[in-house]
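Shared chain: chain A. Partners: chain B in the first complex, chain C in the second.
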Partner chain A sequence: MNELAERLARRYDAEGWHEQRKDLASISIPALRVRDVLAWLRDEEGYKHLSFITAIDNIERGVFTLTYTVRNHDTKHSLMVHADIIRENPVVDSVHLLWEQAWTYQRELKEWFGIDCPGSPRKDEEFVLEGWDQLPMMRRDFDSLAYSNATYAERPGRVTHDPAAYMKAQLYPEADQ
Partner chain B sequence: MSSKKIEMAPLANEGLPLEERALFCDVPPREYEPARGVIEDFYNWARSQSLWILGFGTGCGAIELRPLMTSRFDMYRFGIQPRATPRQSSVFVIGGYASVKTLKRIVRSYEQMMGPKFVVALGSCTINGGMYWDSYNTIKRIDQYIPVDTYITGCMPRPEALLAGFQELKKIIRAGRAEGQNLYARNFEWYKENQKKVIKDWNMPDYNW
Partner chain C sequence: MDIKDFIAPFAVWKRAFEKPFTVKKPIDERPGAPRYRGFHINDAQKCIGCGTCEAICMNKAIDLVPAAGYAAKEGDSGLRPRVDYGRCCWCALCVDVCPSGSLGMSNEYVWIDSDPEVFRYTPGVEAKPWDGSPLGYRRAEGYRLLEEQRVEMPELDYKEAVQTFLELVRGYSRQQAEKEADRCVSCGVCIASCPAHMDIPGYINAVREGDMQNGLRLLYETNPFPEACGRICTHRCEEACAIGTGGDPVAIRWLKRYIADQVELADYGKVLPRAEADSGKKIAVVGAGPGGLSAAYYLALLGHSVTVFEKDSEAGGMLRYGIPEYRLPYPALDKDIGYIESLGVKIERGTAVGSAVALAELRSRFDAVYLSTGLPAAYSLEVPGDKHPRVLDGVAVLAAATRGEPLGLGKRVAVVGGGNVAMDAARTALRNGAAVDILYRRRKEDMPADPDEIREAIAEGASLVEKAIPLEVRDAAGAIAGKQALFVWNEARMVQKEDGKRPVPEAIPGAVHEDPYDSIIAAIGQGPDLSFIGEADRLELRRFKPVVDGFGRIAEAAAGAAAEPGAPASASPSKAAAVFAGGDLVNDRKDAISAIADGHHAAQGIDRWLDRKGS
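Up next is the complex of A and B:
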């Protein structure tokens, strides 16, 4: 598989090959080459199956890391292709012309992270949420707890215990004495 | 049940487009008018002996309803059975957590049910949010949005607990204390305000489908 890493590095400036398991590796590429790389992997290297698209909010670095997981069923190997896009203007090429099902993931990216894939079908329609008017909720600067407290009424009297201390007091009350 | 009447203005149905408003009812819910004395007692006995559940599993806790239906726990021996539509049902089991998206369907289904109707809220999530205490999309108390007659705690409660809960509901109905439907009618504006606060794309009539 390292041959593949070398070819990717040579052709597309890919770097950071990481062998997670025997059948799973990841590599980073420049975001501008996403479509080229995925088309090449599909047509030349046998990674014909797009398993998944998602994003990771690396807020510390000011980027979203897109992850495209593709699989080669002949060699039984999966490859995660990472690409960083800046958080301020999160736009990336759509890959729905390579794999038709990609539009569903890209619609999800739009709603959950605000990542735009121009040309992707129905990308601006609601996906899971209805009437959502806040920051995309999977961004790490969206404060879920604060939103929940401000929006949903709470029943008074709820308390939280540290599970370890609580169970110790329940099961071994003599230990504290 | 109480026979108190409240006059309310016709509903505006502002969530609907203008041309559709006339297609829907604008009458708010009314409180139940009980029959006299022993006749109402007889009605309550009959109601408590034939609880028809709306077959709408609103959350993960609905998985506990399946064993109830089959031979091991066999809820039919208690006069409880599932029905396919809200129109035929008298009991709505809120099966655990309710996301805002589901809440919209819960409200819609609850209002479609014929009275007298009862709500059983199952699981910790319906009571105080349970494990979804910090979720952006899950309500923490179902009783802010529809009235609840009986709670069954647990995450999730076992079928035995559900059966005990239904027995409790029967007692409440039999004693004429299942006031959920009347509460909804009496505090309709409050419930509607709470519902509209979280369901931001309100595009349905205000009541009665």
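Up next is the complex of A and C:
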């Protein structure tokens, strides 16, 4: 597999090959080369199957890390291809012409992260959220607690205890005297 | 109407005999994936109720609630997490962060009930069908959101350390301290285990924020010996640390030291409070150890005039005369004491109560008296020959080392005992060039000394002889007669005599050893010296301990009868000032932080008693 890493590095400036398991590795590529790399992996290296596409909000670095997981069924090996795109303008090439089912994942990326894949079919339609008008919910700056508080009623009867205060009351209440 | 509208319903009949795509109901089996994130499970025995799961939950889906069968105790809040599935988003951050690893998720996701209130329960406490499920989500092996390992403390090399009395522990840098402080989850479970109940999460947060002045202020709220305790505290808090349930506990003691080390004594006054007004009351404190000076500090803050009477030529008690300077350098101790004196506390050094001044005189000159005289009298070996001139008292050896006196221990030294005094005596002997055997009647794991002290003593070259029962000390024969002593001891085996109690050493018949030593240092414990309390003082003692009430006030015996502990001041049979006591003299913990806590507590008690007396 290291030969594949070397080829990816030489052809596409890929870096950071990491063997997570014997049958699973990951590598990072420049976002501009996403379609080239995936086409080459599919056509030249036997990674014919797109397992899924997802993203990670690395807010500290100001990027979304896209993850394309492809599989070579002959070698029973999966490869996660990572590519960073800036959060401020999250746009990446669509890969639906390589794998038709990619449009579903790309529609999901649009709804949950706000990541746009121009040309991807039905990308702007609602995916699972109906009438969502907030920040995309998988962005880490989406305040899920504020949303929950504003949207749902507080369940009556809930009460919590601070461990230190509770232990003080139970074990050494005289400290307050 | 279009003709198609009539025909369309009949068109579906063409599929009437095909295999349907629908699923047959009821569906019996629909298991989640092996690592599916389903309903929570919790090993409630392993959980310590730290609330880190609640703190990390993004949706406030977790409450900490009292749980039947789990009472609060040291290291366990007695609370357990309750999950509200109206809010849980199944992200499993609670599982990933759980310090003890008790929290998990089953792969069960089907739960049907018409009552919405049931979808809130305490996993591991309220029984559910998925309890004990091996499937579901657990924190992956090796994956931790929390840092398991503490930042290593820089120390002198042991070979170098044993050549000198320089401080062994070097202290954290700012970067190291902030990194270590970042490991704390601020749960506060540790606070109950600290005898002084210090605001540990508060001052660790001050380290994290680089706010040393606030850190110092928080330390002094409950402990005026941060330099000393930052070095030699028995750190029971660390035994209760939530992070310690799955890794190294947070280095709470070293972080306390870090704060105190960062602030110059000259700047203390800018941060710490002072008395607002003079109360006009005078308090005498007997003993300038940590307990006595703690009482003096808090009494001074309350506006009282405090005079401390100390029999030795320097203040500090066992912190100075019982702990070698490689563990607690004198400048660090002097800084703590210096600040207390800067508040106007007078320390009468070299003034022994009982000989230089009588307790009765203090009771007539002062409005209240606090006794914190500790345990200065060493126990003897209690074997034949224990008065041999080469049998020395461990505390006396350490005190002589503090005073800079020649120790004359010789080249081969036996230290008998397993406590901190024994370890310190052994390490002092090593620093004086001796080969040292530490002989202890039980096993290493039974030794009452701080594990760090045991580890360091052995690393510095002391040899530990476990299960050694002292039998006799004899004068050596021949050319070394009078210069060496023969230490006779019996090998022992550990015997479990009673279930639930620790095993006891039992001598192995015939396994008797005789070893010659230049010095045999007995360090098997100390007792109080209450010779300064006379019968005329009418203070009630029981088993060599003053009998005190909740505020540390000693009961006073009426003519022929003991006063009820806690009786109001007006019931006092004596017109002399009330006497309070604390520290090793009273409590069984016998460590500096307990004495400091007692001093603080007694200061509050004395203040209330004076208030009541004056009204």
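Details
FYI, the second predicted complex is superposed on the first by the 159 of 177 C-alpha atoms of A that agree within 3 Å, B and C clash if a C-alpha of one lies under 4 Å from a C-alpha of the other, contacts with A are read in each partner's own complex, and residues count from 1 in each chain.
Definition applied: a contact is a pair of C-beta atoms (placed from the backbone, for glycine too) under 8 Å apart; a residue touches a chain by one contact, two chains touch by 3 or more.
For clarity, every value in this text was computed on a predicted model and none was experimentally measured.
By the touch criterion defined above, A:Glu130 lies against chain B but remains apart from chain C after alignment on the C-alpha atoms of chain A.
Judged by the touch definition given at the top, the superposed model places A:His161 against chain C, while chain B stays out of reach.
By the touch criterion stated above, A:Ala150 is placed in contact with neither chain B nor chain C.
When both complexes are aligned on chain A by C-alpha atoms, chain A residues 144-145, 148, 152, 155, 158 touch chain B in the first and chain C in the second. Interface residues of chain A facing chain C in the complex, by the touch rule stated above, are 144-145, 148, 152, 155, 157-168, 170-172, 174-175. If you check the complex, the residues on chain A that touch chain B are 128-134, 137, 142, 144-145, 147-148, 151-155, 158.
Interface residues of chain C facing chain A in the complex, by the touch rule stated above, are 49-51, 54, 58-60, 62-66, 71-74, 77-79, 84, 86-87, 89, 117, 120, 187-189, 191-192, 197, 201, 550.
Those residues of chain B whose C-beta lies close enough to touch chain A in the complex are 100-101, 104, 127-129, 133-141, 144, 194, 197-202.
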